[in-house]
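In the two complexes below, subunit A is the common chain; its partner is subunit B in one and subunit C in the other.
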Partner chain A sequence: MVCAFNLCVIDQLLRGQLAALSIAVVVIVVGVPLWWKTTETYRAWLPVSQINELSNLQLQLSADVEVVFARGTVTPEQQKKVPLTRTQDEEHSVDEDTALRYRYETRYRTATIMEEDALDQPTAAEADLSLHTLSECPCGSLVVYVIPESSSLLPQDVDVYIGQRRTALLRIGGQIRVGKTLDLLLAHLEPRIKQVLQVMSFSHTDITAALSDRVRLSPGNKESIADSMRTFKSSPGYEITFSLLNPDPKSHRLHWDIEGAVQTYIQPLLTKLASVANFSIDSQTLYYAMLGVNPRFDSSLGAYTLSPDSLAHMINPVEARLGSNAASSNPVLNFLLYVPDAQHSPLHIHDSKKQEVPTNAFHSPRWGGIMVYNVDGFYGPEAVFPVDLNINMAKVMGVFLAQLRLLLGVQSPNAPSGFLVAPCSRTGLADWELDRLMWSRSVENVATATTTITSLAQLLDQIGNIVINDNIAEQVSSAVTSLQLAVAELEAGNLRFALQYSKEAILASERAFFDPSLLHLLYFPDDQKFAIYIPLFLPMCVPILLSLLKIVSDARQKRREKQAKKD
Partner chain B sequence: MKILGLLSLLATHLSANSVNIEENAGQFFSSGHTNNWAVLVCTSRFWFNYRHVANTLSVYRSVKRLGIPDSHIVLMLADDMACNHRNPKPATVFSHKNMELNVYGDDVEVDYRGYEVTVENFLRVLTGRLPPSTPRSKRLLSDDRSNILIYLTGHGGNGFLKFQDSEEISNVELADAFQQMWQKRRYNELLFIIDTCQGASMYERFYSPNLMALASSQVGEDSLSHQPDLAIGVHLMDRYTFYLLEFLEDIHPASKSNMNDLFKVCPKSQCVSTPGHRTDLFLRDPGSALITDFFGSVRKVEITMETVNLTDPIEQVEQNFVNEDLQKESYSYVDQLPVSEIIHQGLQLVNNNPGLSHPHLSFTGQSVCCRPSSISSI
Partner chain C sequence: MAAHRCSRSALLLVLCSLCLFSIAESQETTPAGDHRATGVDNPQSVTGSTEQMAEQPTVVEEEEEEEEDRRWEATRDEVETENTSAPDTSAPTFEVHSSVPKPKDDFQEELVIRPLHSGDIYASFQFRTLWETDFTTGNKVSHYRLFPKSLGQVISKFSVRELHISFTQGYWRTMQWGQPFLPSPPGAELWVWFQDSVTDVDETWKELTNVLSGIFCASLNFIDSTNTVQPSASFKPLGIGNVTDHRFLRYATLPREIVCTENLTPWKKLLPCGSKAGLAVLLKSEKLFHSSFHSQAVHIRPVCKDWQCKTKSWELRQTLNVVFDLHTPGQGKQEWSLFKMFSRTLTEACPLASSSKIYVDITDDPQGEQFEVSPATHLLSQAMVLGDRRTFSLYDLTQQITFGTVRSLNLHIRWKSSEGYIHYQPSKDRVRPHLLEMLVQLPPNSVTEVTVQFERALLKWTEYTPDPNHGFYVGSSVISSLVPSIVAMDTNSTREQPLFSSL
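This part shows the complex of A and B:
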């Protein structure tokens, strides 16, 4: 191409400028968004606003109480104003994120004729039974029957009888002490009914203990610490293992009808607790399992004794041999029945005051219980070894059932004086005890699920390069929905539904939190990030930048020349 | 003036942080633990890192002796020294020269072995994010009342620990893992011991409450090994763990030694490096924390005072007629490998041919892993 030198140079300059400009445009318009898109991590949408709402927990617990006046407790004028309903609210603020409200809806009415007949029974236990056959109390509610002072149902010093179902018998004083008007009567009854509610329904200490996952409370008295340490945390399932330890098979051949005993004594309790958790039971026999401690022979008693200090060291040597179901991660409750060998029989456990313990058993918090069963009384010195021995399962299961109740959190609260609590029914669990357990479990589940969800949201927010898959987002959403439903049902007082939703919430939140894909493995300090990107981008960007600068400076120079020409 | 202002800002920030930590864990002040767990990790492979496996196994032995059962110990060994081809005494790992103490024994339960010991698996065990198919023995099933002991050993540097000679875990990742454990209340108190070079750098970044950390050397220092054994040909133990073990041998389940005694283990005169510790995140006074709170497993017990009165007789479980058919199937054992015969035959071979000297056959019955290669010739 023939051209003047200047023109060629200008042409080339133009081409160069066009090239630089087009490269810069492609890099900025196409390259940068492409790089951004391909290096971003996939994060599904999470309901963050709802999670933040849940972090501020306002729980309302509602309980229905029905107060029934028997004949002789209300005067005819008072009777005209009854039936009536009253609602009471109690607010407690636990910490800045958590507030509790207790709502008691009390309905007052007079007793029907059938109920009066039932209350005419000779003893409180029979009255309780016949009252129960009349009406079924829904879960979470209570009925309190107010009986006159002259009634012979309760012994002299007892004012309140708490039955095995959801009923209580309350004795009030005569009209002279109580007062003539209905308001005075109700005012007299209120604190006493409140006392009954503290025992039979939720109490503030129980609920705040259940919130321990969420709320950092300074620990109360020693008893409350011991209670919270002893009870197993809420879990969807538990495994119960019964083990028979026979260290001396040469002397004792032990037979225990464990299947029948479990079916008769333990299974009714577990069936009743089916709404709270799933239970799986197994049993085993261990031979030649020795204690880790040497019992001392006490010649005054003619027996071997175990002091309370040595009990703590008994569990570890045995635990290594107990084994567990490898398939599930549920907490395990171990119940061990130890039959001492012939040389060390009889073996008694002594408490700190050197008194013999009547049950001859002890338990360890969040682990299980051990009972020592002496068989030396069943055979004489002339017996032919090995001796066939049948174990009295009723006695053994009585102790194990008591330990099971303690470990699951069904301990009877210390009733105030003047209260008589009915002994355990055949199932080992009173209905109101089940209600208490359901209240505290629902609150505990809700508290744990909210903390899990909020800490998961915080974690995913903080660490930008964790991938959030769709299934995790789904679990989180379902956990949030279940939580909202659980809180609503607690407010409405439907205890069974509240527990069910809280269990679903906790399952979903745990599944989301412990999903294996949420592992943050890559930590890139800033200097490493620069070290990766600079060798890639710098050699490409430097010529582009320089040529852009050159274009800008050339354009400025031309403008200056033009202005100079004009002038 | 500016410096003063900056200093005062820093001071208030630090004090605010410490108050935060106390608030965070205020409820654990006087509460205790109900169970103990231990996570013992050896991160290096190859025969010349014999001492790291011996370190971990020695701590495993002490922890088992003091009461923690295998079901509560997660043992991760990155290489198999006992059955290594270069081991002149197969099925043994010695921790003291002249082969005084075999820490391998015959009841070791290794949960993660060989190539399973990775940073990912370690973090998964700590945070609990394991796939659902993982068996119970490979999980850390701790709760809010568990005291956990974590022991790491291997080759490390300033801010990192090397796993399997191919990857590293940084101190930031470790601190984040502990924070996630705290968020989910997976521990009550945690004792972290690390025996590597520049070990103190690994606990610099911790920020969760209730953590106590010990390291065998400060930043910039190397942790040294203790003594070589000329028969085996490698160094058997690291100094810090050796003296730690000597200290632990004096501890029994009922002893009352506390953490302050543990801090005095292996002074500079014995260890050549300066061991360090960190207790500012630990809420209790270290003097009130017993050694057995972490290394042992002392259970709290309560006497059972109540019993339920059961009067019903036991229901008889109905016999199923189907059972009779099932019982007709009889089972028998498969023929076992006649090990004793093989060994005796092998010994006879040696006796007949004195020229055949095989180190594997120098003792009978103890080789749990290695098969004498002369069997293949039979």
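This part shows the complex of A and C:
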């Protein structure tokens, strides 16, 4: 009986040990991997090595120039010796991670008979037009026609004429006579052609300004900073809003044919710029919209004036009325036409020298433009309020178009002396101006996209808690691919494709960077984890651990007893 | 000590002393209860909301179908590209046209004031912008005049066919106030019909709610699949259109949404005149939200432009309904004026409005027996509201004569009869008891019941009485009857009479 009892106890002990062991095994074999698997944050694979390569950006910009010698510039013997192509490289290192290389590929040839005919036109503008009809040169490349000194195409003091398309006329200087050696001639032409290139396609200052997102520039002169601040950031789309502010609908009813004016003046420019960005235009009329400042009455002029200091305070109160764009998140360019009320007119904007600004307009960097349109000249003594007024849209749109060009970064560079730039065409934008914009926009897009992607990769690397979903990995990969393509196209000189790819890159990188799913587990600190796990695991682990310890100590004691028995 | 404590804590409970003045020789008086009942028993057929919208008391203006003759100036061929700093010395040229193109949009505003049976005032603002345009077709609508740009963009971007959104604070008490012009639930309500060109309605709905939440500064972004439904029988489109496939309908409410100034400001911004001119100057938030009921709404729908429904136009209707409780304490007479209600008077109509009117509902009192409206107007208008023919005094703000010599309009409504008088002084915890005095005319052979609701308050632990099983004692009500003073009290003490008969 005693024995049976003893057996029972031993049996029970064994069973308990077995149970504890099996629970421990289940916990370790099933529980731990299960917990590990279910609490894992999902992190899709990112092309880290390629991103690291991108962080070290080496951009090469290639520009093609065709130099065409007209009759009377080279002798027939020289013609045969003219080299076909010549490549020139120029390297700049902007900072430790960014390097720039410009490659100018110059091709030389003599003019065809048709081109000679075209060059025989009486004026440079006509020559430019007929040369354009002869051959269409691709986006980003230039043709420079070298004309003899005796040519009557250009006025006396002008050496270089820059046309509306992608052609320029270059007059050989007086000191180089026909018959000099070809090397001398080419050496003489080279700096001039480079100047033409800097005006018509890109200059180093433009490109470094476009890199400002990536590279912290040392503050240069004030003017260049102001220039770079004025232009809107590169974006795949812009919203242009024209607002007519009528603070006094009781005294005048204003009518503006904005629809027709947009079609006539703005749309041609935007059609031309369609490859750079998408634009959408809308307009609205705001009543009782006041300016934030009280204009000062100048009795000597008999008019109200706004000083340049007060212009800065005009925008904020108006902006509350403008309303944000509900339909898209693209940047908005605002153009306001302010018609002062009868009590405060005429209203003139004065510049810092206390002189009246002739256009009565000003613009605010990266925001838009405001024009004051006085209508007081109309109400005579017998005027019956409200007066119906039609706004002269040609006058208004001329100013807004100039401001739009400035804000979009289509600005004519300061041409060196001796250069004559052709006046603008109907579209308001010359082909080479578009090229310039495309060069700097491509570089800017590449710079922005690389910074976005590298900082995203850094962030994801630093914070291990962030879930990286497949769609984000996809966006990142497509951004990286587009960036590589854009850089390659820039290198090859295919400007249009480069811009296209850079736009895709910027879109994909922004979408990845601002994806809301990246935020989910971002702020999930360790102590919170403990707070969740301890109440769950501690009560379960303590008995398991204790019984395991007991089993171990029992086993040890048994072995000792056995040894003692043996001894 | 105990007694002192008792008396202090007794103040916690609602203590009301009811003073009922009964008039002994009451002739043809009506009990207050009956009077109230008439408001409810009005034959009002609550049909679909379609009818309600259609039967607003608007005087229908004939919209003549005018071929709008748009004149377009021959524009200069070359584009001016001078810089802003480039001098342009040409003097500004003005072109004035006697025949200005007739605008395709139209704005109307009106205010309906209805004295309610309960003595409260119901004010309903209606602003309507009509625009003869088409958001549905492919060409982009982008030039806005009176129609707000933000809403126009929403309509065209999300292919909205109809949008109804309302923000309401408080409950509409139908028993006391009758039917509202357009009912709306407490909190925020949004229902939208999409065009049948929308492929992913749920996704569009989600984006739309997010955008609307930004426009109206409301928490509409909390609308998701958990509180969105697709009613199949109710919420038929209120505008024209024959698509009633409820797949394109979404409805959601946020009952906890609290409506406040930040919702009113963007709502006012949608009006062409803002709150600068016209009826909207009355919309001062500090007064509007100090009311028993406040509801603001935006309804967008396509409507017919003419009787034959040849042309379609879009209607944006902004409504704001508010009920003011005018039983101010300590004041015997019920009096009401624009200034008292909105702390503003009207000086002009919105110059952009083609019609700007105030209606005062005098259906219940056509002879001016119960209340008096001043300044008096001879203009009367009748309209069917919810199947009920109602009469309104009309004030046309576009006429200068409405404003009189003082150049401002301050409508007064004064109740003539003094059959009811209520004086109520709310208590302050541990300071002051409640006081409720009511003057009631009791008809003969009737039972008048006065009930008072009260809530229990929590006591501090030191405030418990030694015998809490007793509860608290409420002071008795007092009924005083107004009888001629000769009968009631004799102040002449010289006459010989028993003492009990003199006081």
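Assume the second predicted complex is superposed on the first by the 470 of 567 C-alpha atoms of A that agree within 3 Å, B and C clash if a C-alpha of one lies under 4 Å from a C-alpha of the other, contacts with A are read in each partner's own complex, and residues count from 1 in each chain.
In this section, a residue touches a chain if its C-beta (ideal position, glycine included) is under 8 Å from a C-beta of that chain, and two chains touch if they have at least 3 such contacts.
Predicted, not measured: the structure shown is a model, and the values here were computed from it.
After superposition on the shared chain, subunit A has more residues touched by B, the comparison being subunit B against subunit C. In the superposition on chain A, contact of A:P386 is made with subunit C only, not with subunit B. Once the two complexes are laid over each other on the shared chain, residue contacts for A:T110 go to neither subunit B nor subunit C.
Residue contacts after overlaying the shared chain place A:E259 against subunit B and subunit C alike. In the superposed model, A:Q284 lies in contact with subunit C only, and not with subunit B. By the touch criterion defined above, A:P249 reaches subunit C but does not reach subunit B. Shared-chain residue A:Q500: touches no atom of subunit B or subunit C.
In the overlay built on the shared chain, the residue A:T359 is in contact with subunit B and with subunit C. With both structures placed on the common chain, the touch criterion links A:V399 to subunit B and to subunit C. Legend: residue contacts after superposition of the two complexes on their common chain; A:D515 is shown touching subunit B, with no touch to subunit C. On subunit A, the surface patch touched by subunit B in one complex and by subunit C in the other comprises residues 257, 259-261, 264-265, 324-327, 357-359, 361-363, 369, 393-394, 397-399, 401-403, 405-406, 423-424, 426, 428. Interface of subunit A with subunit B (complex): residues 212-213, 216-219, 225-226, 228-230, 233, 257, 259-261, 263-265, 308-309, 311-313, 315-316, 319-320, 324-329, 331, 349, 351, 357-359, 361-367, 369, 371, 393-394, 397-399, 401-403, 405-406, 423-424, 426, 428, 451-452, 455, 458-459, 463, 513-516, 518-521, 523. The touching residues of subunit B, when paired with subunit A in their complex, are 23-27, 29-32, 34-35, 67-71, 119-120, 123-124, 127-131, 135-137, 139, 141, 143-145, 170, 172-173, 176, 180, 183-185, 253-254, 297-317. Against subunit A, the residues of subunit C that register as touching in their complex are 70, 72-73, 75-98, 100-101, 140, 142-146, 148-150, 153-154, 156-157, 211, 214-215, 269, 272-274, 276-277, 348, 351-352. Residues of subunit A touching subunit C in their complex: 241, 249-250, 253, 255, 257-261, 264-265, 268, 280-285, 287-288, 321, 323-327, 357-359, 361-363, 369, 373-375, 377-378, 386-390, 392-395, 397-399, 401-403, 405-406, 423-424, 426-428.
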